[in-house]
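Same chain, two partners: chain A is paired with chain B first, then with chain C.
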Partner chain A sequence: MTQVILGQFLNGIIVGTLYGIIALGVTLTFGITGIVNFALGQFMMIGAYAAWHLTDITHLPYPIAVALAVVIAGLAGLLSDRALFQFTRNNLVNGLLVSIGLISVIESGAMLLYTATPKNMDFVLSGAWVFGDITLPRMKVATFGVLVVVIALTWAALANTWLGRATRAYAQNPEAAALMGVNTQALQVGVSVYSCALAGLGGAVYASLYSLEPSMGALFILKGVEAAILAGVGNLAGALVGGVILGVTESIGSLFLPTAFRDAYGLIFLVAILLFRPNGLFGGQK
Partner chain B sequence: MNPVWLLAPLYLIPAFSQNEVVLTILIFTFILSILAIGFNIVFGYAGQLTMFHGAAFGMGAYGTYLILNKLGISFWLALLPTFAGILLLSLLVGWICFKFQLREFYFAVVTLAFSELARLVVLNWNSVTNGTLGLLVLDKPTLWLPWVGVMKIEGTRAWYLLALSSLLVVAAFSRVLVCSWIGRNFAAIRLNEELAQTLGINTFRYKLLAFTISNVLAGFAGALFGFYTNYIEPSQLSITQSLDAIAMVLLGGVGSILGPVVGALLLTGLPHVIEFSAELRAAAYGAILILVILVMPRGVVGLFSRWRHVS
Partner chain C sequence: MHYIARIAATAAFCVASVASLRAQEVVKLGQIEAQTGPNTIYGWMGSQGVPIAVDEINKAGGFKVGDKTYKLELISLDTRGDPKEATIELKRLLEQDKARFVFGPFLSNVFVTVLPYAKQFDGKFLLLGGATRMHDFVGQPGHDFVIRTWNWDAGPSGFGERMVDYLIKTASPKKVAMLFQNDQGGKVLGEIYEPLFKAKGIETVTEYFEPGTKDFTPVLAKLAAFKADYLFPGYSDAPLYDIVRQATEGNFIRKFFLVRGSLGPGMKNKDGIEDYIVYVPKYFEDAEKISPKVKGFVEAYKAFYKREFPYDQAPLCSSSCYDHVYMLVAAMQRAGTVQDVGKIRTALLSFTYSGVWTIKFDQRGEQIFNFDIVHLKKGGELQITRVEP
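Up next is the complex of A and B:
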């Protein structure tokens, strides 16, 4: 039993980092542009299909495919920002609706291009490491590593660089940041593109682990938003922790309680946290 | 003039047009308008962005059918215990949310979580709800009419009249509500909750009231929807259902009586007017939504009248 629990625990952590990378995008976008981009799940889907297409059809090496997929998701993000989201800055409801419209558009596009049949990528990194009773598929460990490194780098960059300081300053007080010489326009575009690229990266690594379908994004954006709120919106390192907590709660919960309610355990946990800490686990008090 | 009367001429349409497609689109419009009007009360007037109305919509459909089936009573009688159930559940969810002072985004996410929980219960309670397969509704509502006697609501025209009449009643109710002192208190809460509280308005009670009314109306719409389409499935409680209603309200115009109806008509009708495949239809739906939000942030009704709040 112990190794089953431990196995589920590790699985939860890996799925949790995927939630975490979406949560990071949600938190960043919300902090800087004042909206929650619900289409981030679809940018993840774009990244996933791009990685799959480039590896299995164009036969590029997987790492290059991932890099290109991130670029493609980022470009799609740039396009969506210039065409749509620049008009919904700081308008939560309009941003929500525009992103919902965008979800329909992107999903239909994927359906037309790749049909609804699930796609499975060929194994990239096969084999697994075995520690006693626990087997860890190499690809899952690699995925975990890549995502954690990216989240950590983002966090470190925001904590230490000038750009990071500008971003945090803007999140706290937009007018003051603008007066201090922060190019707010560029910052907003940059952050929304970066969030989409992050989601694309999540999708590109997801593609090597699970099968793809056009509707895959919906689940992840919900989990990402949950994770971001769990941690406290605006908390970058918390986004990863929130995602992992969510993933682990679901994996462990579905071990002891009916699996059908898998999605519910995270939600119940989230509601419980919000009721007692309205600003999230790591959020400061108002 | 009371804008609800603008809906009355719609009674004449079946006299002119026998086109099944047009009438069917209008029936869906009317039923979904009821859902949207309910959402408009809690969001457009009381300013609370709820995501629970989709769940209430589905629960209305399931509740009414299951009670009707188990007890063998009529549609209208079965509505009452369904409403009572939705009312109690809304009070519970609302109590939790408002007691803990959840606002805006947080309120939206917690109600969304409860709505997902409701969907998961319906989805997995196989012995009662038949799970993913859904339920086939074979019964029809009956209605007693003077001179005619008891008649079954069957066929497009009868449903058209029933749906339109229900919409008129709901729209009139919402008009009376928002023009009353209750509506003024809602507006006060939306505009400045702290100030409203200072002025002696029990904001907790009024937010709970708006939330509950919206969910009961959603349940009514759901019951009509289930019996009209003859089919109830768990996806009727989904987030998409909630979002559709939000889109309709935003599209038509927040905080206006007829806005939700206009929004429902546009979102139900337009993708059908343009002949498209299923994928393109979904894309068209998205594109219409995006365009309208960006071009007309105050909704279609906002174009024709200046945005007047009940103040």
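Up next is the complex of A and C:
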């Protein structure tokens, strides 16, 4: 039993990184543009379908397909920002409404292009590592590695580069950042696009693990928002930790309690944390 | 004489105009299915098949009932699998569009929600849907409007009963683990199959998962502890692809038994599975080679949508789909009316239709049709068993 629990603990960590990458996008977008972009799940779906299409239909090597999927999701993010979100900056309600509308548009587009039939990418990295009763699929481990590296690099860039410092400065005080020469307009567009590209990356690696359907984004944006709130919106490293906590809670909870309420376990944990730490686990640490 | 000729010409023109108006009379056909959303799989094929039949009938000049010629007008609405949306749409179809025939829903949770509203229109319309939960209401007093367009699982003609018999005959399992979606569709499967397996001496354990679940590893690990001979997962392809992949990749279980869902997940993981026994209303890849009507439908689909035929989803056209439009038209012609739904219902239940499927209804109003059991083995070897209930 110990090995089963350990196996599910590791599985929860791996799944949690997927929540983490969306949470990172949520927290970045909210911090810089003042919008909770609920359509990030759909940008994840764009990345997923793009990776699947480029790999299984166009027969490109998977790493190239992932890179192109990230670019496609980023471009879609740029388009949505120029066409829609630039008009809703720092207006939470308008931004929310636009992002909810965008969900239907993108989802319908995917339905039109690829129908509702689930798409299942051919195995990229088949097989699993077996340690006693613990089985870890190789692709899941590789996915975990890629996502952790990307999140760590994002965090490092924000901490150590001029652009990163400008981003953090803008999040703390937009007027002061503008007075110090930060091009706030370009920064907002850049962060918006980067968040969508991150979601696209999440989708591209997701495609190698799970089946794709046009509505797949809804679940992950909820988890991403939950993870961001759990960590404390605005905390970048916390986004990953929040995602992992959520993933582990769901995995271990499902093992001992009815699986039918899996989503509730993460939410109960979130509520419990917010009762004691209303700003999230790492709230206050910017 | 000239005066008489003018009157005659005017009269002839009026008669021709009335005849023309009559010729344009339409029978409205409503449809409420999930065309988008997470449970799209079940409504999608119906919403694909019905327009083809409507188009074919209209292009052929419509259909005659008595001395009038009618065309069909399809109002197909997307429920997105949302019961509230479906209720609003049904209200629109019945009150605004005055439709007397509504195809769908395939989803039990949608049916259960629209039922109280639909009951108010008993005797005024027919609801032809595939939802499993419809079985409880077919033929019940005050529910004449309910026509179920899919085989029932249990009983002597039940396809599930036949499937379980096949499983016992070919594999003699002692334990079966069931994993269903936590909704009406999943619950009803549990209610049907737990006693069915028990009656045949097979031990079961049942777990339910949250709709939209993608990572099944924890529940599969839990079920693996039961050491089941077969995993019986359900009920739509969206979770099945993930369940089959994760069950085989994680080495939890490699033998599957399905009564809902397609062959697709098994084929995709054909090297990881050991056994994959699935109920397929029609194995089109095979059937199109031997049946001209099936071949015709495949060709019609390709021509109408200008895309490849969806072999994995097409078996679900066995419910409220292409054949059923023709069947309904035939029932109207037999009843001699397009308005008296009572007579049309009686006519519909009185004959066997031979189209893509051979379809008839029992006395209660539940469909009985021929189906295939597809047995997929490791590596992709297929064995098809045709069943005529």
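Odds and ends about this structure:
Everything that follows uses one rule, which is that the second predicted complex is superposed on the first by the 284 of 286 C-alpha atoms of A that agree within 3 Å, B and C clash if a C-alpha of one lies under 4 Å from a C-alpha of the other, contacts with A are read in each partner's own complex, and residues count from 1 in each chain.
In this text, a contact is a pair of C-beta atoms (placed from the backbone, for glycine too) under 8 Å apart; a residue touches a chain by one contact, two chains touch by 3 or more.
The structure presented is a predicted model; accordingly, all values stated were derived computationally and were not measured.
Partners chain B and chain C, brought together by superposition on chain A, clash. With both structures placed on the common chain, the touch criterion links A:Pro63 to neither chain B nor chain C. By the touch criterion defined above, A:Ser251 lies against chain C but remains apart from chain B after alignment on the C-alpha atoms of chain A. In the superposition on chain A, A:Ile229 contacts chain B only, with no contact to chain C.
Applying the stated contact rule after C-alpha superposition, one finds that A:Ile103 touches chain B and leaves chain C untouched. With both structures placed on the common chain, the touch criterion links A:Leu219 to chain C but leaves chain B unconnected. Once chain A of one complex is fitted onto chain A of the other, the partner contacts of A:Gln8 are limited to chain C, with no touch recorded for chain B. When the two structures are aligned on the shared chain, A:Phe261 is found in touch with chain B and with chain C. Of the two partner chains placed around the shared chain by superposition, neither chain B nor chain C is touched by A:Gly145. Once the two complexes are laid over each other on the shared chain, residue contacts for A:Phe87 go to chain B alone; chain C is not touched. Taking the listed stretches 110-118, 236-244 or 362-370 of chain C in turn, the superposition on chain A shows a clash with chain B for 110-118 alone. Once both structures are placed on chain A, chain A residues 107-108, 111, 258, 260-261, 263 are touched by chain B and, in the other complex, by chain C. On the side of chain A, the complex with chain C involves touching residues 4, 7-8, 11, 15, 107-108, 111, 115-118, 120, 126, 128, 130, 135, 137, 210-211, 213-216, 218-219, 250-252, 254-255, 258-263. Against chain B, the residues of chain A that register as touching in their complex are 36, 84, 87-88, 91-94, 96-98, 100-105, 107-109, 111-112, 222, 225-226, 229, 233, 258, 260-261, 263-264, 267-268, 270-271, 274-275, 278.
Residues 49, 96, 100-102, 104-106, 109-110, 112-114, 116-117, 120, 123-124, 239, 243, 246-247, 250, 279-280, 282-283, 285-290, 293-294, 297 of chain B touch chain A in their complex.
Against chain A, the residues of chain C that register as touching in their complex are 35-38, 40-41, 44, 182, 207-210, 212-215, 217-219, 221-222, 225, 237-238, 241-242, 245, 249-251, 264-265, 268, 310, 312-313.
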